[in-house]
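So that you can tell them apart, the chains are marked A, B, C and D in the order they are listed, and the count of residues begins at 1 in each.
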Amino acid sequence: MASVTIDHVWKYYGKTEAVKDLNLKCADGEFLSVLGPSGCGKSSTLRMLAGLEHISAGDIRFGERRINDLPPKDRDIAMVFENYALYPHKTVRENIANSLMLRGASRATIEQKVKKATELLQIGHLLQRKPQELSGGQKQRVAIGRAIVREPQLFLFDEPIAHLDAKLRAHMRGELKIMQRELGTTMIYVTHDQLEALSMADRIAVMHEGVLQQFGTPQEIYDHPVNEWVAGFVGEPPMNFVDCLIEDRGGVLHAVHPSFAVPVTGSQEAILRDSAHRAEVRMGIRPDQIGIVTGDGGDAVAAQILLTEPLGGDMLVDAAVGQEKFLVKTKPDFQGRRGDACRLAFDTGRWHLFDRDTGLAYF
Amino acid sequence: MAVTTAGGGRGIGGGASAAAGKQHLLEMREGARVISHTPARLNTAPSRAYYFYLMLPAIIVLACITLYPFFWLVWMSLHDVDVGAAADKWNDFANWIRLGRDRKFQDGWWLLLQYSAMCMVLQIGLGVLLAVILNGSRHEKLLVTIFLMPMMMAPVVAGLVWYYLYNSTFGWYHWLMQSAGILGERSILGDPSTAMLGIVIVDTWQWTPLITLIVLAGLKRVPRDQLEANMVDGAGEIRNFFQITLPNIYPFLLIAILLRFMDNFRFIDHILVLTGGGPADSTKILPTYLFDVSFQFFKLGRGAAIALTLLAVTIVLGLILVRVFQSPTAQTRPEDS
Amino acid sequence: MFYTPKNALFRRVGRRKFLELGGGAATALGAGSIAVGLNSVVTRRPAYAQSSEEAKWRQFEGTKLVFMSENTPPSFAIRENLQPFYDLTGIEVEILTDDLPVVQQKVGIDLRGGSADFHLNYVQDKPIGAPFADFYVDLTKFMADDTLPQDPDGSGEDAWFENFLTACGVYYDEGRIVAFPYDCAVACTFYRQDLFEQLSKDFEAEHGYRMEFNADTTWQNVQDFAAFFKKLREGGREDIPYGYAQHQGSFAWTTQLDIQRLLFANGRWTDFEGVDDKLGSREPGPTRWGDEQSVLIMQKFKDQADVSHPDNLANGTLELNTVYQAGQIAMQVQYHEFAASIEDESTSRAAGGKTGYGVCPLGAKEWIVNGGEAVNGTNCGIGGIGINAGASEELQRAAYLFAIWSTSKNTQFSVLKGVGGTPTRKAVLEIPEVQAARQRPTNMPNALTFEPVYDYGIRDPHFVLGPKIPEANEYHKILATEVQRCISGQTSAEEACEEIRWQLDDMHGH
Amino acid sequence: MASSDVVRYRSPLRSLVNVLVAIFLVIYVVWTVLPLFVMFVSSFKDLLEAFKLPTVGDWSGITLFFDFTPTVKHYQSLFLDHNFSVYLFNSIVASAGSALISVVLGAMCAYSLSRINFRGKQDLFFWIISTRMAPVVAVMVPLYAIFRGAGLVGTIPGLILAYTTFNLPFAIWMLKGFFDNVPYAIEEAQMCDGATRFRAFLSILPLVAPGVGAFLVLCILFAWNDFLFASIIGSGGAKTLPVATKELVQPQNIQWGSIMAAGVVTTLPMMFLGLLIRRYLVAGLTMGAVKE
């Protein structure tokens, strides 16, 4: 087991910079998820960790050991690939035992370890099959089996469940998390699916265009996104954004929009007042941080219902505020209809304001 | 639909349709989708007879130039057909029985096998090595272009050029080899123990590039993640090659081997030009012997029997080849990049 | 739109032919002449015994013929110069040329199939004549036909050089003549006179006699010469060529002739007991191979190979001449038609008086164990021109005109002048210009060889043809292979001879 | 993401291997090119110059190879004395003619095979391709007899037919693959529009045109380089370049300069064509089993 340190790492492909000055430290036994849309550099990062790409600049260390120039076989890692990468000409047993055989383990050891892994994954009955005879989920399990049988010091997962159907995906999320806890092995898990990251990881590194945006626990990422991009990327349904101006109205700073003006809270006001440049901001608020009631009046923001989407457990409401559109998540018993007037109440304790130029969050 | 697209998407030559064609195809597809909403004449599926008529000219031509000679061959092999006066008599399988004690016939098969095996070992070895080196090399395009050149040459011309190079009087290769102390004063073709090697070298020179190209095409299809998974599993490059690359290109190798094997049966141009089967019959592979028997001794009946054995083996090889053709692995397309 | 050769024939594929194609399936390679003269046109204006010579020549005016020949200079020369024949007869002749093996194949299939695409054939004595003799027209009937023109110098035995008519025209039975001698290749010795003179002293010091070449030079002497040259060369004299070289390349026929020279020279040994090789035999009986004489000569031949040019097995007649031209051997027994290429300054280093021409070496007394005579065994290939018996009578007669024209004195003379032909007609040698050309400087280099060849070698008892048997081609291959096995050390002389015996007797069913 | 991009790590061994690989490549390229180069250079040499060879072991003597006065007389003599213009024409007409016929008949047959199913289709298909695999020497005797019976020996139409024996099965086999890739829906659409069946067939030809063009060239290549058919069926009235080149090895004089010049004349056009259809070459030479 080992910690992983990524120290000022760069990756270029020709002139393209895939990863820019990445710094990360993953503690021993931690489940770290690297989250980002495709092309953000997360896979490159993972492949650099695995030794499948050269590190253009910077260092990566497992524990104290610098592994930049080690070939994959000497890094003591295991990796699960997006497409499973099973060996089609080998049986499931051979696939799983491959790494042990390559390391010259004894027959008995192999037998025992394969048995243990397949029991854990409940694929003992598939051992004699060839990969093309397996379903997607089974292939996935074999791929994972191939990784865990090694008992490596580091697991690398490259979107391992992206190709499964939604239900299976949800199931696998749980299993993977349990497995990681049981094995206690450091795991780095790359995904573009924020739900996976949030639900499974101890900490998440959010990447965008090769740059690490934020590194923190799922809760931190969700509650305190460092910038507009992270805020927009994390969370489902996505955060609402509206351009506002900060104006001092009667000694209280308000986020002002042609259709509304909402005062900030005290602690927020202190932050804003410390900031020199703050006039133009972008307000961000998650759909579940907006309260909605039908009818007019009150100090809440007046809006009109554009669309309601009942989702069973929840209901999503598209509401128009002037030219802006807000997505609101509410209870399924909400009675509004298309065209009805309604009022929105922003939970200003949990909303976010971002600098409109830099995108950085004030709070 | 009564008529199905047989073997659709098996995909021989599929990757070959040019971009322009694909574009056109897409447009046509769009068109098709719109039009198929009008149910008008969808039931006018062409009759099978129509297709058979289209097929007929080619089938007739092929039948004339293959079936007819084939039966003729069978007939000849059972009769005493040669230049003597008493000809064309039924001869109680004498032509076939004679093969049993015809040492040159047996040697011919043996030499053909040796020849093919030597060619295969050299060409597969070199071809795979080259392909692995070329694969992803910066100069891949240029080198492949260079390697194409020998293949474009008429085998007879290639034979003549090599004959010139091998010649002990004025051949530069002979001089090179002698100077390097590899060969004695005899030319490579002038010594029964090396003549076969001389021909193998020419064949290798001309056709190794084909193997390289085939293997190269195979290498492009080796899934990268399998290689990488194996690397992560702990394999070095050499193990990776044998464990992942080789099994993946195996169908390509098989195709290459079968094709070259059959070409060795088909083409004796090199041998005819270089040694004519000599010296001391050391390069008299079966087709060359057959050539002698039929065209020089004019023992047409005997020749026909030999020819039929050759045909039989070729057809078996061909059957195997077609099997491999149709195997799914060989048909996978290159990964989209 | 397709190319038709200069004097091409019009090929008419009519309805009839298509029918025949269908019918041909049934007859297969079998009997009968389907499609007689399909590619040709015959026109006939009958000539009578008493008619003028001109009328006899012109009686087939408008006829078209095809002559299938080997790609040798006489055929090229005649093809380039067909106009006189056309002017004389009004007959168009298309001359197709190919390598001898290809000519063999085509002619063989043509004759065997019973049709006649090629009305006139190049009848090389053993490779073509011996197997296909029965498919040619007996020319004697035309020779006696006074409605046909005849050569003023005659076409009988006496008109040609000794043995020639029999060699290429008579097979198995006397009285039938199937071809007229058209060209010939007779062996003689080419040697580098300049080198012989230069090294003679050294040689004499070693061997006690002068290194010269004449009619009394034996094969044993040749062996000594070759050994001497080889020793010099191995002693570091890279400029010294090898002394001798054999013809053991891939051309089986001349490869067989190469050992036959020795066999015959030493006691006039021939392959089959009681068979006159000039006449040949359909069923020659058991072979003599394997007897003491043959084993000894095989051994001597191997010894000879050991001191000869090392690449014997790669060099056929043709290649060997190139080696000689390149100045890498000092001596070769070669066919006299090659003299022209040797004497060509632009292609040969042995040109310009450096080469002497002598008869083939004499047998060595001590090598003869069968009590026979030692002779200058001289072998040859006599190429005849024969007429395909599958052609119609009319076409045969028209072809006869070409046969006698192409072998006439004037034609042979012009070929000799032009590209270096090899005359077969005695009268050619009597032409004063030819007489003069026998001495250097000459404008007919082949004439330099006439003395050893026509005046000596081709006469009995030196003349040897090799067995004329229907299986001649297979015979040549068997011999070539086994001799090569022996000289490359794969078999001993005894084994080689025994193997030849077994294979020949098997071939003949003994 | 080709397999060639798999990462490699630097190590002393690796550097050594790289050096060895580079050396091997250089040697191999030289080995590949040298015969062609010698052919090219020798075609400008006179016979005696072609005979020049340094003494064994004298490596500096290698310059002797370039020690000659270039002459184009061999090329001249080919065309002036040896009728090479005629043979060139024969080669062009015969190979192009056979390619054309093969592709036309082959397209019809391949299209049908691609569009219908019937019992024994696989067998028919195998029979078709087996005709191409058959060793030429084995069937030459009966073939020759047939051709002679039809009066086709030594004629260009005969040669075209002879080449068709191997080009037609090839064309059928290859083109079927093309047609298999064209969705039947296109023809249906055409027919819905009121096209006849034949017009529908014609309408998909543009889709396969690039491939068909390439295989036309491949057929030309095979025919052009053929020797056995050309020498036995074609020679005489329809001699082609390879046969004529071989025939320059004449009993009296092997004119190496002329042979090499003839080799250049025979080879150059095919190299050019080969480069032209480079993309299709592997598929063609492996009868479609392998695509690049």
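We take it that a residue touches a chain if its C-beta (ideal position, glycine included) is under 8 Å from a C-beta of that chain, and two chains touch if they have at least 3 such contacts.
Here the structure is a predicted model, which is why all the values come from computation and not from measurement.
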Chains contacting each of chain A and chain C, listed by label: B, D
Comparison of B-C and B-D (more C-beta pairs in contact): B-D
Chain of greatest Cα-centre distance to chain A: C
Whole-Å gap separating chain B and chain D, where each centre is the average of the chain's CA atoms: 13
Between chain C and chain B, distance of the C-alpha-averaged centres to the nearest whole Å: 40
Chain centre separation (chain A, chain B; CA means) in Å: 54
Residues of chain B engaged with two or more neighbouring chains: 68, 72, 76, 169-170, 223, 228, 231, 295, 300
Residue list for chain D, restricted to those that touch at least two other chains: 6, 51, 56, 141, 145-146, 246, 249
Of all residues in chain C, the ones touching two or more other chains: 28-29, 105, 319, 322, 326
Touching pairs - complete list by chain label: A-B, A-D, B-C, B-D, C-D
In the complex, chain D residues that touch chain C: 46-48, 51, 55-56, 86, 89-90, 93, 141, 144-146, 148-157, 231-232, 235-238, 246-247, 249-255
Residues of chain B touching chain C in the complex: 68, 72, 75-76, 81, 83-85, 88, 101, 166-170, 184-187, 189-193, 275-281, 292, 295-300
For the chain C and chain D complex, residues of the former touching the latter: 1-5, 8, 11-13, 17-18, 20-21, 24, 28-29, 34-35, 38-39, 70-73, 96-100, 102, 105-106, 109-110, 113, 115, 117, 238, 317-319, 321-322, 325-326, 337-338, 340-341, 344, 346-349, 420
Residue numbers on chain C that touch chain B, as the complex places them: 25, 28-31, 101, 104-105, 108, 111-112, 131-132, 134, 248-251, 309-315, 319, 322-323, 326, 328, 470-471, 473-474, 477, 480-482, 484-485, 488, 490, 506
Parts of chain D lying in touch with chain A, wherever the complex brings them together: 6-7, 9-10
